[in-house]
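See the structures that follow.
Consider the two complexes below, in which chain A is the common component and chain B and chain C are the respective partners.
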Partner chain A sequence: MQREVGSLPLAPALRARLVAAGFQTAQELLETGPCGLSKEIGISKEEALEALQVVRQACHGEAARTAGASGATRKCTALELLEEEQAQGFIITFCSALDNILGGGVQLTKITEICGAPGVGKTQLCMQLAVDVQIPECFGGVAGEAVFIDTEGSFMVDRVVDIATACVQHCQLIAEAHQEEDHLKALETFSLESILSHIYYFRCRDYIELLAQVYLLPDFLSEHSKVRLVVVDGIAFPFRHDFEDLSLRTRLLNGLAQQLIIIANDHKSAVVLTNQMTTRIGQSQSTLVPALGESWGHAATVRLIFHWDNSQRLATLYKSPSQKESTIPYHITSHGFRDVQPPAVTQNAEDTEMNPRKRPRREEET
Partner chain B sequence: MRGDGRLSRLGWAAGGEPCAGAARLQVLGSLGSMAAKKLRRARLSQELCERLSRHQITTCQDFLCLSLLELMKVTGQSYYDVQKLLCKVSRACAPKMQTAYEMKLRKSVNPSSAFLSTTLHSLDKVLHGGVPCGSLTEITSPPGCGKTQFCIMVSVLATLPVSMGGLDGAVIYIDTESAFSAERLVEIAGNRFPTYFDSDEKLFCMTRSIHLYRELTCGSVLKRIMSLEEEIISKKVKLIIIDSVASVVRKEFDTKLQGNLAERSNFLARGASMLKYLAEEFSIPVSSSSFLKFLPYSIK
Partner chain C sequence: AAWVASPQLRGRAVAFAARVGEDPGQDGARSPLPAPPQVSSLLPAPRCSGPGLARAMVVLRAGLCPGLTEEMIQLLRANGIRTDLASNFLSLMLFAVVDFVSSDLEDVAQKCSLSYKALVAVRRVLLAQFSAFPANGADLYEELKSSTAILPTGSPSLDQLLDSGLYTGEVTELMGAPGSGKTQVSGTEEGRGQVCLSIAASVSLGLKQHVVFLDSTGGFTASRLYQMLRSRAEDEEELASSPGAVQWSQRCSWGGGKCGGNKGPWLHGMLEALQRVQVVRVFDIYEVLSALQELRDRLSQQVMSSMGPLKIVVIDSVSAVIYPLLGGKQSEGLAIMMQLARELKTLAREFSLAVVVTNQVTRDSSTGPLKPALGRSWSFVPSTRVLLESKEATWEKATTQRVASLAKSPRQPTGIQVELDTGNGDVQEPSPVTPTQGL
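Coming up: the complex of A and B.
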């Protein structure tokens, strides 16, 4: 109630007039009432009423915050967060080695970024996740739906059909082995058609369509409350060409990152982004680094880098707040994203090459 | 691989949102037409549009690139109203949603036009049918391996009727090396399909539907790509070939010089995104050939 007039979310012209007239706090405005306000400032009664409603809305939000109610702020203890995190599901990737290094799978409410050279399997993993998010809870999934925002046009429906068919078969095998009531019931609704119908696909041709879509995403997610995964494949493509104004690009990207974090938290869904690699030309050599610059590196909570080692595909966990850096091999089969048989977890000296700035972790620290 | 009916692809855009379909037929430039959409077509009020145009904000792109505070300043409205405006403008620009199931249904309606068979059985098997319609295919090799020959053969195939595995349409061939030989084209057609091309008339008909453009610089190639949309509709084009992307880029951009790398990537990315848009919009295969050492992004 003691909030200053200058900080209220009113139209700038109106705000300026109020300050010039001598109003200082929101309480004063509310006490004056719409008629008094309109006479003093010289605006119509309707405008005054609108302004007061805005003020009331802003102040109520604040009052709720000071009273400690949940809503606008997330004020809670670390214990509550721990319980929440432990109860939260992960989206499995069907590659057990990758799930292990991620700590269970792709985490909800976090942004995961997948970087890699072309053809290494980023889109394959995204399509796999869009199917895996729909696995029913009795099979260990999160029973959610997926939003797939495609900027490169690499989404292939036939491939998703293959992946989904393999996933359904896998679940059917589990159900046969365990013979439980809820497994069979869940399988009735978990079919190819239902999987495909719950992948919401948006094709964005340039960065403006991408921005527009991300602005509209909160409304879309409120309507489709079962969505647990938002994939943006790839985030780099629309921003890499035709941007002479790099500061605008950084600003737009930061805005995007913020909105995606809000979406991830508010709707309890995982956000997966794919990024391209670019060549950084150094003194004597050139290295591949993730595109979009250094400041973009702060946007994602978890960063995975996919790369090749001769003909073996490797995934490196480059950045994670809770897991150790490691590299694992993976395969892309006709069924989708899978382990290499036999699953061999290699934690090798490649870690130090990947991030020269980070000090390599030693075994004793685990 | 988007392979459904050819011009029916335009149909769904027009059916869903009439103004969006009409907007797409304009000349695009480097960005999609959604970005260049004027704000008054986004259903903003007249006075608001006039007020914004005084600040040089006329298109959706200008509007969406501003931050919330800047928008409050230029529109003179409150925070919550500006958020509503943002949603309104976004709705005018945002793409239409489709579920994966709808995409699959649309494909299964017309499966035969999903690929252009290359008539090389092992290659078709590996590609699961042939050159996919609706996406970019890149052919890469060291010089002399047969890229141009492959392009010429595929041009012939595209002009064949659907019953023979072709696309029954015209071909746009953008030649940057002057390697296209019309005599060779006729020779391939006559020897490969002697029963079909049994008369001179049939051969002339085929050659008339292959439109050759000789572009010798990067700038002219890009300009040509940008102007293709109208040609595709008017000439009923079913295949676009660019032979070759690499030669023209290597001639003009020496990557050892500073700044050239960025400009080269810029040119390639703009061309690629325009070609992808054309491929998807018209559901046609686009094939570009290049040299072996040249692999910028994944032009699949």
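Coming up: the complex of A and C.
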């Protein structure tokens, strides 16, 4: 296993010293041992020991992979991935049109970005998703918990109470209509209190707190392994004010994006980010574009843009690896994020995304 | 004699040098053995003095070459063999090949009471092992002819741009750009990813070769690859029954590898094609480097148990893992980037692979011109660069028209543009039946 010293995750100063002393491969480092190493480079024995630990981990990580251990590796064939993807659930949004264009709902293990002008409903959708992720599996949900990282302070608990109450009612109606045992059993644990207690809320006031929170999130998630949704409401806000060094901002944002992808992948959870819009002034006209620049556009796998058309709210799927670009209208009611109801049809449409094969005969009010 | 710089021939050169060194024809330790003309004429000029030399050192170890035993090394060290060149270093417990090779062997033999012949033999072998050999142009051409392959990308217009396809032994870069004119957002993010998937699909299904796909953005969607494979297979073979008759029950089709009899033979071909694409998720530059290292180890040991003939490695995307390190006052980012570049190029060259990397396009300021990301240093790494753009697409309209233009090529004139045909394997309409059915 001839790992080059330059490719090991060591501190740059240490690496420079190692290369200057003539070490080329990890093998040589391991053979020299901590005492020899500390004498050669002029570092303390503890530092040498630490460095060798890192080297050993990197090399043995490889050895474990070549031996076929599957735990930490992320290697598989496309066929296995396909099976995994199809077995994965989606987080529904209660708006069947939006679920359709997303291919079933918000996907797990991917980053979804929602961009929109202020007031168009991004935070509403985030709160709806934080409730929807907890829907039990027998009703078509993923039965997970949610982490909500708030940077703008727009999280309103009373609104979440409204949304959660409506969701619980919805499930109760379905359970009554079908009278299946697992439905009723699930309903015992699915109540307003349990929903609220499973939303973990973090408030970050500036970008340093946000970065720290995201980098500390893996530890939190390993303790709370049922989390299936991480929402960062307002990723643009801390990075747009008083940031003089734009290259630093790009670096930090890219590092953040990679960390979020790792979280989404390792913990099989969906990551939802909301972004603001900014104006790009062109030659003859100005247009609204998502904030944070071009390079940020590459971070998210799925991108939704919410915008207004007179007084109708529209959602456009702008970027997706497997779905076509399309636009649908949606509605925000007192119960949360919903479809736009065509005026003549009754309100049965809302139940279909829960259990598409069976239509409850009961009507419900909006 | 012409020496070709390939590992096999070099091994033979080393063995030859060792044999010549043991020629018992000479007596006495004083007169130096005539070195075979090839080796001495290839003696590299003294590399440099001072700090530059430090980086050219390789530690002298037992087993580095035959004849260099542990006792010999201990003796050399114990006598504190140094030269002027080595005096720049803080402490010299270790001993470098360069020191040994450039020192006066008579002196060394005297001080350490080692046989002069043995020292000369060791030096010869070390030189052979660590020097670079020049290659004859004709031999190089022959080698290239026998080892280079051209892989079609699955899109005839892109093949035309690339001079009939992806060349093995080279690094090709695909850059995804935001559209010109009214577009604000990179609509061809998916375009770049889609082209990578279509390349993987074409190589796996059409050529029946293995593909290694390093995914660093989490954007690899197996269902989309499946869609592409399916439409490609449907184009190639005519289905006996209508597509609607083939029931795709998502869970039990491939669960245990069983499938019903009414599914066409193209299903098996597709399953195999999916199995030939190996996806490695690497989200960190060190993970990318260790994944490449592991790939190289596997290929050099020629353990082909699960890996068939590998001809192409796709990395999507390289800028995502390097961007967090670049910029600012730290030069570490550039060093790591160049390390990655070196890995990719040696991988491509040594194992005759086509390496495809993807990059993004940025602007300096909000109104500045577009330029490829990762800067000028990276621009020397790929030999071919293709820019993918999406013309006249805004997020209000649904039309996308993808155009690929050649930004750098060793074979074609730059600036030529083609329109990418997206007819093959286009995204399907969202199914109105159930939300879970995305295929």
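The rule is short, and it goes like this: the second predicted complex is superposed on the first by the 285 of 366 C-alpha atoms of A that agree within 3 Å, B and C clash if a C-alpha of one lies under 4 Å from a C-alpha of the other, contacts with A are read in each partner's own complex, and residues count from 1 in each chain.
Definition applied: a residue touches a chain if its C-beta (ideal position, glycine included) is under 8 Å from a C-beta of that chain, and two chains touch if they have at least 3 such contacts.
The model shown is predicted, which means the values in this text are computed figures rather than measured ones.
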Which of chain B and chain C A:Gln169 touches, first, second, both or neither: neither
Residue contacts on chain A - larger count, chain B or chain C: C
Touched partner set for A:Ile305, first chain B, second chain C, both or neither: second
Touched partner set for A:Ser334, first chain B, second chain C, both or neither: neither
Partner chain(s) touched by A:Arg251 [first = chain B, second = chain C, both, neither]: both
Touching partner for A:Gln213 - first (chain B), second (chain C), both, neither: first
Partner chain(s) touched by A:Ser225 [first = chain B, second = chain C, both, neither]: neither
First, second, both or neither for A:His198, with chain B first and chain C second: first
Chain B versus chain C as contact partner of A:Ser44, first or second or both or neither: neither
Touching partner for A:Ser286 - first (chain B), second (chain C), both, neither: neither
Common interface residues of chain A - those touching chain B in one complex and chain C in the other: 9, 12, 248, 251-252, 255, 281
Contacting residues of chain C [partner chain A, same complex]: 51, 54-55, 57-59, 61, 89-91, 93-94, 96, 176, 178, 182, 184-187, 189-190, 193, 200, 213, 216-227, 250-251, 254-255, 271, 274-284, 286, 289-291, 293-294, 297-298, 317, 319-321, 323-328, 330-332, 335-336, 339, 343, 360-363, 366-367, 373, 394-396, 398, 400, 427-438
Residue ranges of chain A touching chain B (in the complex, touch as defined): 9-14, 50-51, 54, 57, 118-119, 130, 148, 152-154, 156-158, 160-161, 193, 195-206, 208-209, 211-213, 215-216, 219-220, 237, 240-242, 248, 251-252, 255, 276, 281
In the complex, chain A residues that touch chain C: 1-4, 6-9, 12, 15, 19-24, 28, 31, 36, 39-40, 42, 58, 61-62, 65-66, 73-79, 81-87, 90, 92, 96, 99-101, 103-105, 109-111, 247-248, 250-252, 254-255, 257-258, 261-262, 264-265, 280-282, 287-290, 293-295, 297-299, 301, 303, 305, 316, 318-327, 353, 356
Chain A partner contacts - residues on chain B that touch it in the complex: 1, 30-32, 34-35, 60-61, 64-65, 67, 72-73, 76-81, 86-87, 89-101, 103-104, 107, 135, 261, 265-266, 269-270, 273, 276-277, 279-280, 295, 297-298, 300
